[in-house]
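Next come two complexes, and both contain chain A; in the first it sits with chain B, in the second with chain C.
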Partner chain A sequence: MEKSLDPRIQRLDIQREEPKTPDIKTHEYWSTYEVFVQSKRGKQHVHAGTVHAPDPQLALVFAKEQFGRRQHCVNMWVVATTEIFAFRYDDSDMFETVPEKLHREPGGYKVRDKIEAYRKKISQQKADKS
Partner chain B sequence: MYGGGYIPGQENEKPDQFQDDPVKLKEFEERIDRGEKIEPHDWMPRGYRKQLIRMIEQHAHSEIIGALPEGTWITRAPGFRRKMALIAKVQDEVGHGQLLYNAAETLGKSREEMMADLLSGKSKYSNVFNYPAKTWADVAVIGFLIDAAAIVNQVANSKGSYGPYCRALERICYEESFHLKQGHDAFVALATGTKKQRAMLQDAVNRWYRPIIHFFGPPDVASVHTEKLMRWKVKMMSNDAMRNQFLSSYVPKVRELGIDFPDPNLRKNADGTWSFSDPDWDEFKRVVRGDGPCNKERLAVRKWVETEHRWIREALFNPSAKYTLPLS
Partner chain C sequence: MNKEAAKELMLKMADDALIYGHRLSEWTGIGPILEEDIAFSSISQDKVGHAWQLYQLLEQDFGMPDPDRLGFERKESEYKCSQLNELYTRDYAFALIRHFFMDHAEFIRYSLLRASSYESLAQLAKKVRGEIKYHVLHADTWVKKLGAATEESHSRMQAALNEAFPYALGLFEPGPFEQELIDSGVFIGEGQLQAEWLDEIRPIIEESGLQLTSNTEAITGGRSGNHSSDLAPLLEEMSEVICSEPGASW
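Moving on to the complex of A and B:
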């Protein structure tokens, strides 16, 4: 190996003997937590990404480093990925309901015409009486 | 930083004989044509999954290995402000590695497997990090030109079809904009400085010119494979198109400072493409495969870190933890 230009590497003295390739075990990097970030009081928490951690406390520490380092944020949640229950994308068609949903919209209720007709009728009646 | 260009592998030599379910493949391609993103648990062709894992993994490795040559200069950065900026940048790069490893994990390759493949030399990373950062001017060149090159690549890829990769890249591009600015600032400081500073900068540009030309990878060979990757929006631009876009934007920004590239044949053609001297693609291949000036040192550092820090992971290990793929 060429002599390193990195003072840290010179101090470590790893160049005298090349380090062995370590055998990395499955799950050695712990399990994952999903991170939810609240950017401002009053806003909802929004999913930001994932961190690897051995427990929820460290997951919060890593989440702060990873997702709270730059963007302004006031609060965070972490949830173990295994604790999240989700629909499958294959089932997305179940969200397609009847196309006409006016009964659930404010615009689906029009009363002005009825009121006008009623008022016209009443004033006609009054006129007829007198 | 640091999604290098597309690093060619063996796939063109050994075509995969696997046949995907034609009905599902059609649905998948129609979804991509409609501009919809693919999410982790969707059905996807085997070649799509394989290629994405390879690409995102290489990108992640490039981030964490890329932190090493710049990290070298934290202790020697000229002045407190530059030191603070460099620390922040190196921390960002490692954070980008984390985001990308997560995106790759959603496709089914564990983080442990990826790290093992990096350390054994099976997985590759960007060629540029196998060159030394000899002087402070190298840090300025990396921070300005290599980051700019990476941004060209990352902005293109962030419009790809795989949801988790796009989300990671959007966040990465947002942070990169600071890197590019601080790199340009350091570059301009040297270019407008003393005679000695200018000479130091020109020397660094001379040494980095060829690795930067290599960065986007060799010219694309027209092949069924490449065509398919473009069709599936895994690869968004050809290597040459990215290189041309980069050269068009940044060569003028270097030349306006009276600094030039050590290539008399570097020029823009009438059609917007660029010509340059033969950059020796064999050197690129050698460096990617492990035979560059710093490959051994980079991997030695990662191996040392893995081994020396293992006790922390073991001490905190929770044997009752359950595992599943990250959600997104």
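Moving on to the complex of A and C:
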């Protein structure tokens, strides 16, 4: 086999064998874990991404550097991906709302107009004063 | 405070962090899996950061040259790193065992230094201790896992441990100012550190199914500038860029 050009690899002096067919079992061993980070105590843990790991302990070790390195965080969860249960995207029409039920969305409340009117009134008063 | 004593202590800590950090960084891009590559690289960056902060204190409080010159432009015999950290990395088992020995010692050292009478060093210790706590977690997790995983992983870890242990004991080679450091409350001393370190690592090694060799003689010399033949090539590689254009600003 060809020698690596990387001096770090050369120093390791690895006696390489011809590549074999991948060992399926080995690949299965490295399952994935979903990582949830908490930015502040009391706040919810938010999904940040996925890491490969052989067990939950190493998943936490990896998650800390993958997702805790560049953002402030106080805690982390890891959950085996196989333990997550989800809807199928085929069923996403379940989430659609018929137009007649717009009153159930927060945007539908009439109070928003009142708040807007009040804001206008206040800023008008301020402008009059100055 | 005895200035020479504090200087001696910080210089060896800084050199340890720099050389060890450089050895860790040699895995960047060739780690066993992506996540581990990132974790190990990140730890190496932390170490170089600790070295930089210590060199900076040496410049500020003791009038030594700036961190770049201290880190890259000294003669081999002026480096006070322990031989454990300069040894070229045999394989991943060796890298992990060194990491395990070194970071347990670092964690206890910095924990103790939080109470140092030298205020700047105590502040620094409080700041970096959390990072080292993670480094210890990383090392422990791997040592426990590979110590007990398969026959091959066990025997490779045990071989690495046997080779590294005498060098690890060299981490606690007493310096010329041990008594001054203890008397002035700057540091509790290498002897006490080594005792606490052994208490800490023993149960973890046992849990991992590995064994510490008994009656092991420490391999020393690094603290007085006597190094193994592995340091010179490492320093040459490390300072290759800075020496290509002396005095250039980066």
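In this section, the second predicted complex is superposed on the first by the 72 of 130 C-alpha atoms of A that agree within 3 Å, B and C clash if a C-alpha of one lies under 4 Å from a C-alpha of the other, contacts with A are read in each partner's own complex, and residues count from 1 in each chain.
FYI, contacts are C-beta pairs under 8 Å (C-beta built on N, C-alpha and C of every residue); 3 or more make two chains touch, one makes a residue touch a chain.
Please read all numbers here as calculations on a predicted model, not as lab measurements.
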Tell me the contact category for A:Arg70 with respect to chain B and chain C: first, second, both or neither.
first
For A:Trp30, select first, second, both or neither according to whether it touches chain B, chain C, the two together, or no partner.
both
Counting touched residues of chain A, say whether chain B or chain C comes out ahead.
B
For A:Gln57, decide between first (touching chain B), second (touching chain C), both and neither.
second
Is A:Gly49 in contact with chain B, with chain C, with both, or with neither (first, second, both, neither)?
first
Does chain B (first) or chain C (second) touch A:Arg11, or do both, or does neither?
second
Could you pull out which residues of chain A sit against chain B in one structure and against chain C in the other?
6-9, 12, 30, 51-52, 54-55, 58, 65-66, 69
Residues of chain A touching chain B in the complex
1-2, 4-9, 12, 14-15, 18-32, 34, 47, 49-52, 54-55, 58, 65-66, 69-70, 80-82, 84, 86, 88-89
Can you name the residues of chain B that touch chain A in the complex?
39, 41-42, 68, 71-72, 75-76, 91-92, 95, 98-99, 102, 105, 110-113, 115-116, 119-120, 132-134, 167-168, 171, 174-175, 293-294, 296-297, 300-301, 303-304, 306-307, 310, 313, 316-318, 321-328
Residue numbers on chain A that touch chain C, as the complex places them
6-9, 11-12, 30, 51-55, 57-58, 61-62, 64-66, 69
Given the complex with chain A, which residues does chain C contribute to the contact?
26-27, 29-30, 33-36, 38-39, 42, 88-89, 91, 134, 137-138, 141-142, 145, 237
